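Two complexes are shown next, each including subunit A; its partner changes from subunit B in the first to subunit C in the second.
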Partner chain A sequence: MTEMTMSEPGSAQNDLVLEIENFSVDYGWGDAAVRAVNNVSLSVRRSRVLGVAGESGSGKSTLVYAVTRLLRAPGIIAEGSARLTFDDPDGGTGARRTVDLMAASASELRAIRWSQVSIVLQSALNALNPVLRIGRMFDQVLKAHRADMTKVQRRQRAAELLELVGLGEDRLARFPHELSGGQRQRIMIALALALDPQLVIMDEPTTALDVVTQHEIINELAKLRARFGFSMIFITHDLSLLVELADDIAVMYAGNVVEWAPAGDLYATPRHPYTLGLLNSSPPLTGERRELVGIAGSPPDPSQPVGGCSFHERCDFVLERCHREVPALRVLDESGRKVACWLHEDGVSVPTPLRRRAGDDVPATMAAEVAP
Partner chain B sequence: MNDALLEARNLSRHFVVRTGHGLIRPKRVVRAVDDVSVSLHARRVTAVVGESGSGKSVLARMLARIVRPTSGELVLEGVTIPPSAARSLAYASDVQLVLQDPFASINPVHRIRHSLERPLAIHATPPGEIESRMAAALSRVSLEPPARYLDRYPHELSGGQLQRVSIARALCVGPKVLLADEPISMLDVSVRLGVLNLLRGLCDDEQLAVLYITHDIASARYIADETIVMYAGQVVEHSQGTALIDAPTHPYTQLLISSVPDPHDPLHEAPEVQDRTGQGQFPAEGCRFAPRCPHAMDVCSHTAPPLIEVAAGHESRCWLHDATAVAITARGQGGTTSTT
Partner chain C sequence: MSAVRLPRSPKVLVGAGLVAFFAIMTVVGPLLAPYNPSATNFDANLRPSATHLLGTTALGQDIFSQLMVGARATMIVAIVAGVVATFFSIAVGVAAGYLGGRADDGLSLTANVFLAIPGLPLLIVIDSYLPAGGRSNSFVIGLIISLTGWAWGARVLRAQTMSLRNRDFVEAARIIGESRFRIMIFEIAPNLLPVLASSLLFTILYSIGAYVTLAYVGLTSTAVWNWGTMLYWAQANNAELANQWWWFVPPGVCIALFGTGLALMNFGIDEFINPRLRAAGISGRVRRASGLPRRPRLGFTPVARPGSVRASKAGAR
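Here is the complex of A and B:
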């Protein structure tokens, strides 16, 4: 498998696994429609991890449910396209097939789901069937998608998958309620990997777990990905977790992608005021104790959209035009990173914290103080 | 520092559960909180850090006297309260609890006014004062102007605003002690600092004693004057200030800190966890952390360690800090290597 060493968000590559273009999702019809995802374009490349960071209500989960056609009414895909490209199981070696997810029929979707795209949900207790033993769940998936496997083979494969996530074969006979939260989430991950999918979507898989278990699962995921080379979309509100795990990070705010950059760049040199605010909102574990301010105000109510940039009410560097005009996500520099902010337009002097370079030895938190 | 506002002495709470299947199910005792002593002082934030199931919330509920302790006693401003005594109104007005999820702890079918009025009415506030006390409470949590919030419904407010209402509700009866059980874990990242700064401000300006319960050790470091780490119902490490976070001495605290995502050092390895016991399962004898501990010694499996002072105002429940235990282990290991 060829892996690109440089990450270039948005650049046209033929190794794209998922390509989302101008995607918008509404909840409700007509005048009552509330826009949850607004004109989002993102892509995931082979064997890469795209992290999607955002607070509750930012549209991050809605986006992936809509793209995978799992969104239920009153959620409506207003516009946009999403294409999934995967190794064609019926073609020869290297053959790739692209499916337009928006146009796919129910039977086409059924063939793709789980075997090409799988999803790990936040609450494993709710996502696992409480009346089935763990072994039965593996059995059902394999039976449905791998008709040629015998019962013994299915059982073997299930044990193998548990082994992958660090659990013993004895867990197959257990019910979900007999397992701890971390073990349940491992089962979810093993189930998601059961059919060797090309893309695994993780919707806040570790949010309900304590930090020790979270750290173990994140390390486990990194190992599995290195071994099997699947792509991943990892959704979370914890930006520092993404910096550890993801190759690229897209930050969402009020339904819009406001910044999309390689993980290291986003952490070291945030370019959107919201990203900077998020990074400053987590108290550090080392260094001197000092008062932090976070982000003033609260996230906007999607049913009462504000004019202009969705972040302008909470932004420290707000310009006059931010009240009126919505900034588009555009390429910022040669590296290909993108940001949706008027501060980076020609002729505007960028505030100090938002124009640091990677070499600067000032942590982002300190830079906020130096701001004019 | 003997001027503790609220002190818990050797507080324990055991729950009896039935295990297994069928008609004859053996009883098992879950020691949710075991022999925990805490003292809360005016103008100080005491942080309790622990994972889910460590007993930190049961501790808070015992301090609020919603859960009755199995043994131990509470001392409020020098007055000892036996565990069997019923919870009094006077106690409730001195010690207030703020819960984790404001969406669940504030009645969704009533306006904010109702949530603030009820405690004031129950605590016999003169009717003429109720309006002004409600307004004052909302102002104290920076929900201004108060009139804008009183007639709203909970669903019209954001999570951060609602948690402020929850804090205002606790404050309006004039407590001396505020127990905050994971007050920020359900909130959006961008508004968490606001609530933490609010708690810190209330503590400094209003002479409140604050117990801050969390699983987020970084937020404890941000706000605490005194820090406690709980594991399996016990205090495993305790220090003044945040010494235990800057220089952790207990293997569990070390594990906890190394598990926090660190963008400077992606995918750093936390100490290997050797045994994975299920939730609520720990050995009946010896140190409760021993099955997961990378430094476990012989003594750990049969004798429970006491809290051992490792520095001034810093205690750790670990045999590693007992010179005799370490020496015996070293000798034992030396013996085995020489015979092989």
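Here is the complex of A and C:
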């Protein structure tokens, strides 16, 4: 085991866009407080996609909302820091500016939001104003943040943005209810990109859509990212979707990050029993069809914290130690991937499904069937 | 979240305190009055003193006793009128908003007519037809006042109901087959509570104003002591010109303070009823020590000062 560092797996510490350190979020105050996100450290590099996966209630949305200070009452950021670094619009070429999101004032946050960090929400219909034409929404954003643009320029920009997400210019004259769910979600993405943000946060943007539309949007996003080079945080409970899009994936469980690794590694060689369980419960991208296995039990009640590892009650490979001690997220090997699990501590024999190497014939997900 | 947490902002506490004070006065006021308020066996026009806390009237009546006895009739009328008017406004407003169509047209028209008719002249007209027994009965007067006070609340509730009637949970209830009456009472009405509560407070406030005005004009029985009749007698005896402030100022101050109390309490209603804001019910000391704002602000999630909010629990994980 190497010393724990804050950098992303296998990366240098420069060119970070978002850096989250020891971040904890509570719902409620005082004795009634419930910890929803517990001591999470993550980072996003420039032009990279960080996927955050986990089942409902694992704290993935709470984490990003709190980091951007958008979490609603009674949410409170209990501890930790989050810093956003972006190209300084006032500085010269290559000048970077870092803002401590936890110390920022309301007006500083307002200046950063949308122009440097933008968010695409899950329900596009609720986020679009039903009485405004699509064109008006683009117009308003650009008017507020790009005061020097003329009306014609704003209109051109809006048409350009629509084209980016694969929609025709004629949609500018439509109302939100005239568009399909997929089209509305594309509008949201176009709006999020309107000001060339450094970081785009996607909170389950494709959850309400069918798989075909979902796939189209994911491809669209990958193309847009390659073209504009923004970073992305993509939240979903669909791990196989993330593997397609993300560079790195952080798996969250009960408010903790339990595994954080490059997407390919995480998919091919999961190291945490929960990641393995998640992979086993969704169909594989390629290869033969196999039986899907769920994870028995349900996540712990955050208001009744269990001792030890939060996953021990559902874990197939539970050790005696897991009941008592909380495993920290630690660097696992030279590749820099991290896992929070006692199974990978020195002197413990790692179960076969969690020991697999990338070249092995039997996929890790298949090997689970021989697990104890 | 276990017990209901009462709002603790100073505004609301002051308001609740004022209202509680007058509520107690309503109950025990007549018992505390040192003299019979109608007895004329004292010297006239005495200034406030130890024997007569608020002096005496031109007829030699004890003003403090009048004030204490008068509280009861004033409050009873206000509460009867407030409750009855609010009941009317729920019935008309929710039905009009939910049923729509012709029912809405009819009910809205009625409400609009009552809004358009000037309240006070209508009250005076109705009141002048009352037999003497009715004029001295607080409940009858309260009912009459409620007649002119319900329309505003009905309009507000109708608007709110219309915004609720097409929400998914109402549509779901409709599809399940719940009766219209049940939907109105159990699905919609609880969502109207904040509006309803503030509507009740302001209707009570209006009723006090209306009752005192009626009494001041001399249209209620002058034999029943209330704060309005006190003003009536003060006016009739030129207390203002004689600068006998102890006669007309105390009832005026009582009315103003009670009204202020109701208005201040109104601030707390939102905090009390909105579950999201209820978490704000920690004491000011703890809140300040933790560096948390009084009211949650959208888009500005509070950051707790290190180790302050839940040092005990955080250690447990």
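One rule holds for everything that comes next: the second predicted complex is superposed on the first by the 350 of 372 C-alpha atoms of A that agree within 3 Å, B and C clash if a C-alpha of one lies under 4 Å from a C-alpha of the other, contacts with A are read in each partner's own complex, and residues count from 1 in each chain.
In the analysis below, a contact is a pair of C-beta atoms (placed from the backbone, for glycine too) under 8 Å apart; a residue touches a chain by one contact, two chains touch by 3 or more.
Note that the structure is a prediction, hence the values are computed from the model and not measured.
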Fit or clash between subunit C and subunit B when superposed on subunit A: fit
First (subunit B), second (subunit C), both or neither touched by A:Gly336: neither
Included angle at subunit A between vectors to subunit C and subunit B, based on C-alpha centres and rounded to the nearest 10 degrees: 80
First, second, both or neither for A:Ser282, with subunit B first and subunit C second: first
Partner chain in contact with A:Ser24 - subunit B first, subunit C second, else both or neither: second
Subunit B versus subunit C as contact partner of A:Asp238, first or second or both or neither: first
Subunit B versus subunit C as contact partner of A:Ser56, first or second or both or neither: first
Residue contacts with subunit A in the superposition, subunit B compared against subunit C: B
Touching partner for A:Ile295 - first (subunit B), second (subunit C), both, neither: first
Contacts of A:Ile77 with subunit B and subunit C, given as first, second, both or neither: second
Subunit B versus subunit C as contact partner of A:Pro351, first or second or both or neither: neither
Nearest-approach distance, in Å, of subunit C Cα atoms to those of subunit B in the combined model: 9
Footprint overlap on subunit A, where subunit B in one structure and subunit C in the other make contact: none
Contacting residues of subunit B [partner subunit A, same complex]: 51-52, 158-161, 188-194, 196-197, 215-219, 221-222, 242, 245-246, 255-263, 266-267, 269-270, 273, 276, 278-279
Residue ranges of subunit A touching subunit B (in the complex, touch as defined): 55-56, 179-181, 183, 210-216, 218-219, 222, 237-241, 243-245, 267, 274, 277-278, 281-286, 289, 291-296, 298-299, 301, 314
In the complex, subunit A residues that touch subunit C: 24, 26, 28-33, 35, 38, 65-66, 69-79, 102-103, 106, 109-110, 113, 305, 326
Residues on subunit C engaged by subunit A in the complex (per definition of touch): 1-2, 276-277, 279-280, 282, 286-287, 290, 292, 296-304, 306, 309-310, 313-314, 316-317
